[in-house]
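Two complexes are shown next, each including chain A; its partner changes from chain B in the first to chain C in the second.
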Partner chain A sequence: MKKEIPILIGFFATIGWYLEFFFAGTFFENWKMFFTTGFRSVAIVSLIVGIVSVLRVNYSKIKYNNDRWFSVYQMCIIALMIIFASLRGVSPGTPFDAMFTFGFIPLDATVFSLLAFYVASAAYRSFKIKSIESAFLLVAAILIMLSKMPLGEAMWSKIPTIGEWIMDAPTSAGKRAILFGAFLGGLTMMIRIAFGLEKSHLSD
Partner chain B sequence: MDVLISRLKKLDRRWIFLLIFLSCIIPFWIPSLFRQEFSTSKETQRVYDIINSLNEGDAIFIDWAFNPTLQAELLPMAEQAIKQCFDKKIRVFIYYPDLTAISLGENLVEKIKKEPRYTEIESGVDYIHLGYLPIGVDMMMFSMYSDFKSTFGKEGKIFKGIKTFDDIKYMMSFAGSAHPEYYILLQRRFGFKMGVGVTAVTGPDFIPYLQTGQLDGMLFGLKGAAEYENLRLKNLNLSTEELNEEKKFNQQANAGMASLTLSHIIMFIFIGIGNLIYFYERKFKKSN
Partner chain C sequence: MDLINTIIDNTILNQTFQVWISVLFTLMMLSFLFRDNPLYKLGENTFLGISLGYGWVRAWEIAIVPFLIRPIKDAYLDFQPYDITLIFWLLMGSTMFFRFSKTKAWVANYYFAFVFAYVAGYEIPVQVQNLFVQGANMMKPLFEYPTFFEISKWFVIIFGTFAGLMYFFFSKPHRGLLGKTARIGILILMINFGASFGATVMGRIALFIGRAQVLADNVVPSIIITISITVYLIIYFKYIKKEPGLDDELMH
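Coming up: the complex of A and B.
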């Protein structure tokens, strides 16, 4: 019964939500709110699990001197943000917001912007015309890049139109094929879960 | 020639990093470095037209699904969309599916409220931050179609007349991932109108949905944001003096366009040099 009951719940939930998608009113309105509240409760529990996990990982790092000072620093920042948020709230102008604006935003943006440097370096070393296919790829990439900057239009007014055609026709055709495959895979997975053929979500 | 090719081949990547860095930075000091005129794409025009066609008191739902990593491209889009709604006195509901996005959105609205045009804008009346819900988009949509207000547990005059999501006239999702696809999948079920504001990298993922009509408009990358800025400013019908004043607050994406152009030129040059080395070596190997 340990396995059968969760599979049965999964079956009814899958069929229920599937029917609700096509036939409005399969679920009563208050049932939907019940499910919404249920999901929020699950999220709160997962938050607690996350907090405990962070504390445990950092405790062992501090205890056994494995990147000790990094863990101390990390825990101090987390504690500081929690204290500031609890004491003064999180609205603009509060200490929590200052930490977010002057700490988190620049750091987060900086890490992501490093991509530009690596992309440029990688393009220099590996974007080479080694075959007819790679020549097509390179020409298409340059046309798309030109169409996405004012210089392209200044060079030739048809560049944005060509860029648009590349995106609308060949790129879109490829994307559609990928999407069809992915969604058919998703549908198959749904059927497998509903009928208990797929048990990975039950830690099996 | 051999010496030059050999040197270029062993070029330290830090030189590339330095040039990319300079190409990003210099245009911010010399904004007139490149011609900044460009046409408006039909996807951007569509977003503008739809929001422009809404009436005073209508409501729009903004799904703010990006954090500071993507703010260079998406923040100017969100800013212009919110400002266009404020201009038209359209009520704005801002939802954050990402916890780290909340402060970004709150700070942007506070910044907008400091501009002379928007000093009268009030929280809970003209706009509201709906916060973050720890549930999936599908559950949230079903809940919003049952009872919009209680889904978020917020109060305010802004909710007057909004019982379910049916009363929201348009929604915009700003994201740098496949996140808006969750809404697109549900769009067939509920029939709401939606547009997206996405990064240049994720933009191609949404073109099939534009072609099927599931998406009503799309702001595509930094260029899309710059087009939207220009379009909104052009249609404000201001005098030259007022326009120059407004430009001080509405040129974030346009300011980045010169930087984008120069950094791409540097990329083209390096790709060209890389291929030159490759062909030279191939020819050299063949002749040997």
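Coming up: the complex of A and C.
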């Protein structure tokens, strides 16, 4: 009941994608449609579960006084967004859109720009050329950074071209090697899930 | 209602207010560079609140109303036999709520089994196709490239990818030719990591320059808010927040 039925559900949900390739007829087309519609409905219910989860987390923070006023403030901002959307809609120029443009965008950009300081500080402390590999890493990083700023071009006019070559050739090769590995790993995992061999997603 | 509209027009839709709020949020987040403080937390919660509110409203409009509320309403007004499937799937989706239960959390396995297997079924052909598309794109005919510069990229991509894959090939010891190829693979991967690091840092610096530009374009709000935040931080860390000393920690 706890494991067997979920594995059976999983098997039929996966196989539904392929039956129509082997058996002609509307039954298998409808079968696939049945699961596609189901996925949409289930995904939407999961959105509601997400909303409930956020409310539960904030409720517990407010109840047990774990940064209570920040949680209250966060809920007020969410409520404000909902009120703005209900009053004037969500199109450009509305308060809802203005909150996003003048609230979310500056906050988002600043949070991620903060990382520049921490990444630079961490790199300063940890980057040491102890081997050929680390030398390659450091030289590539420096060349890419120089190629993306006007100073690099001012130092030597070929630096942007070298940066472009590094991004297009070795970086692309390295990314592809990693991606091929990830695709093959993903594929194996998918097949294991389909045949019920992988149970980690069922808390097993 | 008129009062609410007036408040909205004079606050969030007012251009001066928008500039001030934008500068305030930027400086509030930057205050974290000094130390974690209530202003940063306020900004953090504003960020979360706006993003969650935005996401919920968009989800309501794009997904929940057309694919959940409307079908349920239609089924309620005019029930058809195929509406049973909707009820079935809603029940299946609702099993996810059991995740909140301490004793019946296993019921949510029905939900996870379906979602993971459905996505797996969809992804298997997509992944295989991606592998072939990647491979095919990589191996364009050599003489299609016009310059030596482009041809050099072709060689590095083909042999670099192969060498990188050999580094991840663990079924044979990395000795002899395989070992040398794997060694080149490591170097290619290191260049990749270095370049990705450099590009990420430059991306973050570009974001920071953007924020600095906003502050420089709005000098008066920037100066006033910076002074206010500095004064607040001095008062907060000197008089309000008590740092736990070494003795306090030892006593617990």
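The criterion applied here is as follows: the second predicted complex is superposed on the first by the 159 of 204 C-alpha atoms of A that agree within 3 Å, B and C clash if a C-alpha of one lies under 4 Å from a C-alpha of the other, contacts with A are read in each partner's own complex, and residues count from 1 in each chain.
Following the convention adopted for this analysis, a contact is a pair of C-beta atoms (placed from the backbone, for glycine too) under 8 Å apart; a residue touches a chain by one contact, two chains touch by 3 or more.
Predicted model, so just to flag it, every value in this text is computed and none were measured.
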*asked:* Looking at A:112 after the superposition, I want to know if it touches chain B, chain C, both of them or none. Which is it: first, second, both, neither?
replied: both
*chain B versus chain C as contact partner of A:156, first or second or both or neither*: neither
*Counting only touches as set out at the top, which of chain B and chain C does A:128 meet: first, second, both, neither?*
first
*asked:* By the touch definition at the top of the document, which applies to A:59: first (chain B), second (chain C), both, or neither?
replied: neither
*Give the label of whichever partner, chain B or chain C, reaches more residues of chain A.*
C
*Counting only touches as set out at the top, which of chain B and chain C does A:20 meet: first, second, both, neither?*
first
_First, second, both or neither for A:170, with chain B first and chain C second_ = second
*Partner chain in contact with A:104 - chain B first, chain C second, else both or neither*: both
*Look at A:5 in the shared chain and tell me whether it touches chain B only, chain C only, both, or neither; answer first, second, both or neither.*
second
*Go through chain A and flag every residue that touches chain B in one model and chain C in the other.*
17, 35, 39-40, 43-44, 46-47, 90, 100-101, 104, 106, 108-109, 111-113, 116-117, 119-120, 123, 138, 142, 145, 148-149, 167-168, 171-172, 175-176, 179
*Along chain C, where are the residues that touch chain A in the complex?*
4, 8, 12-13, 18, 21-22, 25-26, 29-30, 32-33, 41-54, 56-59, 61, 63-64, 67-68, 85-86, 88-90, 92-94, 96-97, 99-100, 105-106, 109-118, 120-125, 127-128, 130-131, 134, 138, 149, 152-153, 156-161, 163-165, 167-168, 185-202, 204-205, 207-208, 210-211, 214
_Going by the contact rule set out above, which residues of chain B touch chain A in the complex?_
11, 13, 16-17, 19-21, 24, 34-39, 41, 67-72, 100, 102-104, 106-107, 110, 133-136, 138-140, 142-143, 146-147, 150-151, 189, 200, 203-205, 207-208, 211, 221-223, 257, 260-261, 263-268, 270-271, 273-275, 278-279
*Mind pulling up the chain A residues that touch chain B in the complex?*
17, 20-22, 24, 27, 29, 32-33, 35-36, 39-40, 43-44, 46-47, 90-92, 97, 100-101, 104-106, 108-109, 111-113, 116-117, 119-121, 123-130, 138, 142, 145-146, 148-151, 153-154, 160, 164, 167-168, 171-172, 175-176, 179
*asked:* Residue numbers of chain A touching chain C in their complex, please.
replied: 2-3, 5-7, 9-11, 13-18, 34-35, 37-49, 51-54, 56, 67, 70-71, 73-82, 84-85, 87-88, 90, 95-96, 98-104, 106-117, 119-120, 123, 132-134, 136-145, 148-149, 165-181, 183-184, 186-187, 189-191, 193-194, 201-203
